[in-house]
Amino acid sequence: MSSFSNKRKIFNDPIYGFVSIPYEIIFDLIEHPYFQRLRRIKQLGLTNLVYPGALHTRFHHAMGAMHLMDQAIEEIRSKGHIITDEEAKAVTIAILLHDIGHGPFSHALEHSIVNNVTHEYISQLLMNRLNNEFKGELTLAIKIFQDKYHKKFLHQLVSSQLDMDRLDYLKRDSFFTGVSEGVISSDRIIKMLNVANDQLAIEAKGIYSIEKFIIARRLMYWQVYLHKTVLSAENLLVNILKRAKELAQKKVKLFCTPALQTFLYKQYSKNDFKNTPHLLDTFAALDDNDITASIKVWTSHNDPILSTLCRQLVNRRLFTIEMQSISFKKSKINKLKKDIQKQYQLNNNEINYFVFSGTVSNDAYRGGINILYKDGTLKDIAKASDQLNIDVLTKTVKKYYLCYPKLLSHKS
Amino acid sequence: MSSFSNKRKIFNDPIYGFVSIPYEIIFDLIEHPYFQRLRRIKQLGLTNLVYPGALHTRFHHAMGAMHLMDQAIEEIRSKGHIITDEEAKAVTIAILLHDIGHGPFSHALEHSIVNNVTHEYISQLLMNRLNNEFKGELTLAIKIFQDKYHKKFLHQLVSSQLDMDRLDYLKRDSFFTGVSEGVISSDRIIKMLNVANDQLAIEAKGIYSIEKFIIARRLMYWQVYLHKTVLSAENLLVNILKRAKELAQKKVKLFCTPALQTFLYKQYSKNDFKNTPHLLDTFAALDDNDITASIKVWTSHNDPILSTLCRQLVNRRLFTIEMQSISFKKSKINKLKKDIQKQYQLNNNEINYFVFSGTVSNDAYRGGINILYKDGTLKDIAKASDQLNIDVLTKTVKKYYLCYPKLLSHKS
Amino acid sequence: MSSFSNKRKIFNDPIYGFVSIPYEIIFDLIEHPYFQRLRRIKQLGLTNLVYPGALHTRFHHAMGAMHLMDQAIEEIRSKGHIITDEEAKAVTIAILLHDIGHGPFSHALEHSIVNNVTHEYISQLLMNRLNNEFKGELTLAIKIFQDKYHKKFLHQLVSSQLDMDRLDYLKRDSFFTGVSEGVISSDRIIKMLNVANDQLAIEAKGIYSIEKFIIARRLMYWQVYLHKTVLSAENLLVNILKRAKELAQKKVKLFCTPALQTFLYKQYSKNDFKNTPHLLDTFAALDDNDITASIKVWTSHNDPILSTLCRQLVNRRLFTIEMQSISFKKSKINKLKKDIQKQYQLNNNEINYFVFSGTVSNDAYRGGINILYKDGTLKDIAKASDQLNIDVLTKTVKKYYLCYPKLLSHKS
Amino acid sequence: MSSFSNKRKIFNDPIYGFVSIPYEIIFDLIEHPYFQRLRRIKQLGLTNLVYPGALHTRFHHAMGAMHLMDQAIEEIRSKGHIITDEEAKAVTIAILLHDIGHGPFSHALEHSIVNNVTHEYISQLLMNRLNNEFKGELTLAIKIFQDKYHKKFLHQLVSSQLDMDRLDYLKRDSFFTGVSEGVISSDRIIKMLNVANDQLAIEAKGIYSIEKFIIARRLMYWQVYLHKTVLSAENLLVNILKRAKELAQKKVKLFCTPALQTFLYKQYSKNDFKNTPHLLDTFAALDDNDITASIKVWTSHNDPILSTLCRQLVNRRLFTIEMQSISFKKSKINKLKKDIQKQYQLNNNEINYFVFSGTVSNDAYRGGINILYKDGTLKDIAKASDQLNIDVLTKTVKKYYLCYPKLLSHKS
C-alpha cells in the first residue's frame, strides 16, 4: 500500500548494517504492542552479569532472524526453487514471531512461578490472537510454523538444526558477549543453502562451514549459555521467585507490579490462559523490568531468606558453583548443608534455597543437517564429516552443579 | 595482595576484547553496590527505541574508559613523562567513578522529578562516601577529578575535550547503535598522546585523526544524541514524569517502587542529599527498571493524561516531531494546540503535555585540544587545522523542535 | 545462458564478504587476459613500503567497484527510477573496466618512460579492442563511460565525486593499509543514493555521511596517498626509470623484460599506440613484476647513478624528504646540491637524480555532490553543510617537497 | 641506543592495529636487505588466483608473529614465570627470522629447481650470516630456534603446535583471503598461555578456544592451503619450472633474471650453499618477481610445451583438477593421457607435463598442545577434549588429485 513507503522501513543493526523491512504486514506486526514488548526482554537473561555487553533483546534477535530469512529466500529462489510471494511473506512472519511468547527470564520463570505453561504454548496463543486482529493474514505463517504446510523446507527455515533462528542467535550472542570464537559465517551458510527432496540442505562445498557452525554452537553452550556463573545467577533467580511464591501462598505481602502479582499470588493452567483472554494480556504486560524492580525492593523484605537471596543477586554476590561430570556425593552435599544451616540459622526447608544441586546439558546434535552432493545425494553432516565424531556429537553432555553461598553472615 | 590474583581480573568487551582490571582497589570498587547499580542504567536512555542495539550501560562505559586510561598512562609514560603508581591508580579510579552519580534516564529525571540536584553533585557525594568506606584511598582520585591536583594533565585525561570518557563513549555508542561512521580510532589517538607544559596534547602527525574525531563527534550528535525520534521519546518521558509529579503533589495514588515514590512525592534539595545519608542510598536504589516498570503500570491509570502519555511511550507511538533552525511561529503552535485540545478534550494546562516545543544544541567545540609540534610549540586544533572551520566549530548549533501527537483518539 | 551457471560466480572479498558476478559477460571480461593482468598491478604502487598490507591490486578494486555498482543499481531502482537491464549491464561493464588501461606504478611510469600517453587513453583503446572481440556488446558501456549517453546519472555512478570507484577505493585502501580512520560507510551512502533531474544525489538525511566521506577522503590523501615516505619512494622510482631511459638512449645495455625494453629503448606517441595493434599488446604485457625484477638487476649495473638509486629502493634506504607549505629557497637547494655533489662525486646533470624538489596537491573538492531535500530541491554539499568550509574544501592544498640522500657513501 | 628513539618504531597492521617494534636490534634486522626481501615474497604463493586478497607477504607475517611474541612474553611474565630481558629479545629475534630462508613460491621451487636444499637449511645459513654481521648478538636466538636452550618453552613459542608462527598465519591468512571462518582468537589464546614443567600450556578454561583453533586450522587446510584450484595452479608452476630446467640442461636459451639463471642452469647442493658465500646472496636476490616476470616472457617461447603451460598460468586458464579419497585408476589416467597426447601431439615424456597426479595431506595434529588444570596436571588437548576425535585428529587425511588441461587446442 502506498502508505508503507512513508513508514520507516530500515533499521540499524550493529551486526548486519542496514536491515530493510520487506513487507508492510511485517512493519505492522513490529509496531504491535505484543512485539514491542520484546524490546524489554533480554535474549540472554542474566548473562550480562558475566558478559556485560549481553543486553540485546528478543526484539533485536527476531528482527535479525527476519533479515536472514529474507536473504535465505532470495538465495533459494536464485537456485531455481519456487517460493511464492505468499509463502515468502508467511515464512518471514513465522520467523519474526517465533519467540513472541517468551516472558522475562523465560527459563527461570518457567521453573518457578509460571510453571505449567511453556513459552511455546503462549507463542501459539499470541499468534492466534494476532491472526484474528490481522483478519486471517497470518494463517499460512502459523501453518508453516506448526509444520502443517506441505513444503517442509519452509518450516525447516523457521525451526530445525539450521534455521534462521539459530543462525541469528549464535551470531548475535557471540557479537554482544564478545566471545568472538562463537562467530559463525551466516553469510556463507546462507550462500550454500539449497533444497532437495523438499529438505533444506547445504551444498557439499559448505561442509567445513557446517562443521565450524556445530563447533561454534557447542563452544557457545559451554562458554556462554551454560557458563558456571550464569547458571549460578539463574538458579539464584529461580530460588528467589520460588521463595516469593511460597510467601505469596502464605499471603505474605510482597511489593509487586500488578502483572507479576497476578502470577505470583495465583497459579494458572494452560486452560486458564486459553479461556481467559485477559490473562494473556496480563502475561504480555510482564517483562524484565517487573522482575528486576520487584527483586530490588525485596532486598529489604523482612523475610530473611528472600531478602538475603535478593541482595546476593542485585549486588552480584553470586553463590559459589562447582561443576563436574559426575553427580555430587550425597555426603558432600549433606555436610555442606549442615554447615551452612548452622551458620545461617536455617531450617530444613530453608536450607534448600541456599544449597542446591542440579544438572545441565548441552543441546546435542540430533541429526537433520543435510549435505547435498553434486550428484543429488543427501547425507547427514554427522556422516559426511570425517572430523566430527558422531558418537560424541549425538551424545548429550550432562554436567552436575552444586551451588552454595560464600561463608558470609547472612546479614551481609 | 595475594587474594587479588584469585579474583576475576579479566572481562570481555565486544569492543576492546579482553580488558584487565589493573588494581585491586578498582576490582573492589567495581564490586561495590554503588557501581554495580550502573549495570541497570543504560548509557543512552531511550535511544534504543531508534537504534535497538543501544542498550549498553553506564557500567560498561565506565569499564571501557578505565581500559583506555590504562593504555593512555602506559603511552604517556613511554614518552618519558612521569606518572607515579599512586597517580596512575588515582586517575584510573577517577575515570571509573566519573559517572557514578547518574540516575536512570538522567537527563529526563533532572528535568522532571529530581530537578535541583545534578548528577555531578551526586557523583561527588558518592565518591566521598566511598572514600570513607575505603579509608581515604580515594583522596587523590577525588583531587584529580576536581582539578585540584597540581599535575593538570591528569585531570584532562578524566575530563577535557579529549578525555578517556569521550573516547570511550563515542566508540561505544557508535558500536552499539551500529552508526559506523561515528567510530573513532581510539587506538591511534592514544598512540599520539603526549604532554607538554603540563597540558595533554596530540602529536602533530595525529592532526587528521583529531579532525576526524571532531567530525565523528558532531555526526554522533545529530545522528544519535539529538536524533529527532530520540528527542521526541525523551520529551515524552519528561512529560510523563512531570505529570506523575503533578498528580503526586495532589496526593493522587500512583503505583511506584519505594525509591521512586520517595522522589515523586517529595522534593529534595542539595542540602537534603548532603545531610540525610539515607536519601543518597535511596537515590542509589533507583534505576531504569523503577521508571519503566512504573510507567507500564501507569498505562492503565485513571488519569487520562498520564495513561495516554504512558501508552504512547510503552507501545512506541511517539509524538510527531518537527525540527528546524528557526523558532516555531507562535501562531502555528497555538493553532496546533487548539486542534489537539479539541480533539483530545484537554484544558489549558493539560494541552502542554501534548504539544510542546523546545531547543537543543550540540556540544560545540570550545577549544582545548592541543596539537604538539616537533619544535615543542602547542596550537589549538581549531588553529592547527586548515580544514576545520573555527567559526563553525566554536558556534553552538541550536535547533528548535515542536512535538505533538498524531491525529489519534486518545483512547487509542 | 546455461553455461554461466557452471562457472564460478562468487568470489571472496575480505571487505564485502561474498561477491556475486551479476552477468555472464562480466564473467567473460574478468577472464580476459587484459583484465587478468590487473592481478599483477598493485592499486597503490609503492605504498606498501610504508603500509605493508597495501598490496591489493587493481583487479580486486575493479571487482569491488563492480559489486558496489550492483548494489547502487538495486537501490536506485527500488526508489522508482528506471534502469533497464541493458543499462544496468552497461554501467556495470563500465565500472569494471574503468581502470583497465593502468600500467604498473602508473604515476611513475607516466612521468618517466611512457610519458606522452595517459592511462585514460590506453583504457579507451583497450575498451575498443574488447568491444571488437565481444562483437559490439560493450558499445553502450563505452558510451556511458565517455558521458555520451543521455542518462547522465549513469555516468556519474562511474565517474564523479561520488562514484563507485571512489567508494570502493577509499574503503579498500583504508582496509588494506590499516588506516582505519579512512573507512567510509559505503553501505549507508548507497542506501541514501537517489536521482533527481537526472543527477545522482544523496538524500538529505545522509548529509553527515557525506561530510564524513569528504573528511575521510582528505585524511587518506595526507595520510596515505601523499604520505611523505611514499612520495620519496615514488620519486626515487621516477628517477630510476628516467636514468634508465637516459642510458638506453645512449645505447647502454640494460637487463630488461622484452616488454619493458620496448618502452625503454624507444619513445612512442599516442598515434603509435593507435596505429600499431602490437604495441598495445606489448603494453598490456607490462606489470609490476617487469619493473621490480629489472630494478633488482640494476642494483649491480655499472652505471653508479643507476645502481645506487636502485639499491636505495630495493633495500628501502629511501631519501630523506622534507615537506612544507612554501617553496624551498633556491639557496638551500643549491647548498644541498653542492654538498651532495661533492660527497657523491656527481656532475651537474647527475646531481638532479639525487637532490630534487617538486610539489604535490590533494584532490580538492570541485563540487558535484548533490544533496536532495524532501521538497525536491538539490543543493551542493559545500552549501548544504554548515560544517564544511567551502573556501577550504574547494582550495587545492599544495605542498612543496625536497628529497635528498642521507649522508652515506654512495658505495653503501 | 639514543638513535633508536628517532627511528620509526610503529607500523600499521590491518589485523592488530599499531604494532610497536620492541628492541633496537629488531629494528636493525628488519632494515637488513635479507629481511626486506621478504616484502617481495607472498606468504601464500599462488593462492591469490582463488582468493584475490591473499597477497600478504612473509615480511608482514614475520612482523605479526613478532607482535604476538611480544604479547605472549608479557602474559607469561605476568603469571610469575621468569623470562629475562636477554631471553625475551632472543625469542623475539627467533620468531622474526623463523622464515628468513624462504624463497619465492617456496614449495614449488623446492619441487623443481632448488630441490636439494630446504628453506629451513637456508634459514640457518642466513641466521648465521646475520649473527656474524651483528657480532654474535643472535647467538641465543639461534640456540632457542634450534631447541638447544635449556628453557624448552621458549622454543615452543617459536615452533610447536601452538607457536606464534601458527597463531599469526592462521589469523592473517583468513583475514586476507576473507575466509572468515578461519579466524582464531589469538587474543584469547595468548591470555590463556602459561608454563608448567617448562612446557608451554593453555589454562583449562581455554579448552574451547583450542578446540576451535584446531578446527579452524583444519578448515583453512581444506578451504585454502589445499584448495583444489590452488593445487592445480601450484602444480602448473612446478611443471613450468621443471620444463624450464629441462630445457636449460639442454642449453636452450631462456629469458631469465640473473639470479634465476644461476639456479636454472646449474644444480647446487647443500654444501655448495655452505661453502660459496656468493651463492647464498644470489639466492637472497630471488623473489616472486623473478619467477613471474620470467614466466610471462616464456609465454612466447618457441618450446610449445613451455609456452603453453606459461600461458595457462599467466592468463589463469588452469588445469581441471579432480580430488578424491582413493587413488585414481591407472586405466583412467592412461586413457586420459592417450586422449590429450593425441589432441596436443605430445610425446611420452611431454604428456607428463599435462596430465599428472599426486597426493596431498593436511597437517594432522601430532600432540603437543597441553591443557593445564588448576591442580597443576597437564593433559594433551586430544585427551582433554570430549569433542575432538583423537583418532581422526591424529590421522593424516590424504587426498589424491589428478590434473589435466581442458579440451583446448594447445595453440589457444
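As written, the chain order gives the labels A, B, C and D, with residue 1 at the start of each chain.
Methods note: a contact is a pair of C-beta atoms (placed from the backbone, for glycine too) under 8 Å apart; a residue touches a chain by one contact, two chains touch by 3 or more.
Note that this is a predicted model, so its numbers are computed, not measured.
**Student:** Touching both chain A and chain D: give me those chains, sorted by label.
**Tutor:** Per touch definition, common to chain A and chain D: B, C.
**Student:** Which chain maximises the distance between its CA centroid and that of chain B?
**Tutor:** Most distant chain from chain B: D.
**Student:** Centroid of chain C to centroid of chain D, CA atoms only: how many Å?
**Tutor:** 31
**Student:** Compute the distance, rounded to whole Å, between the mean C-alpha positions of chain B and chain C.
**Tutor:** That gives a centre separation of 44 Å.
**Student:** Chain A to chain C: how many Å between their CA centres?
**Tutor:** 51
**Student:** Could you tell me which residues belong to chain B and also touch two or more other chains?
**Tutor:** Expected reply: 17, 180, 187-188.
**Student:** Considering only the defined contacts, which chain B positions touch chain A in the complex?
**Tutor:** Interface residues on the chain B side: 11-15, 17, 31, 33, 36, 39-40, 48-49, 51-53, 55-57, 59-60, 63, 175-180, 255, 257-259, 285, 287-290, 292-294, 296-297, 314-316.
**Student:** Could you please specify the touching residues of chain D with respect to chain B in the complex?
**Tutor:** The touching residues are 10, 17-18, 187-188, 191.
**Student:** Quick check on the complex: what are the chain D residues that touch chain A?
**Tutor:** 180-181, 183-185, 188, 208-209, 211-212, 215-216, 218-219, 222-223, 386-389, 392, 397
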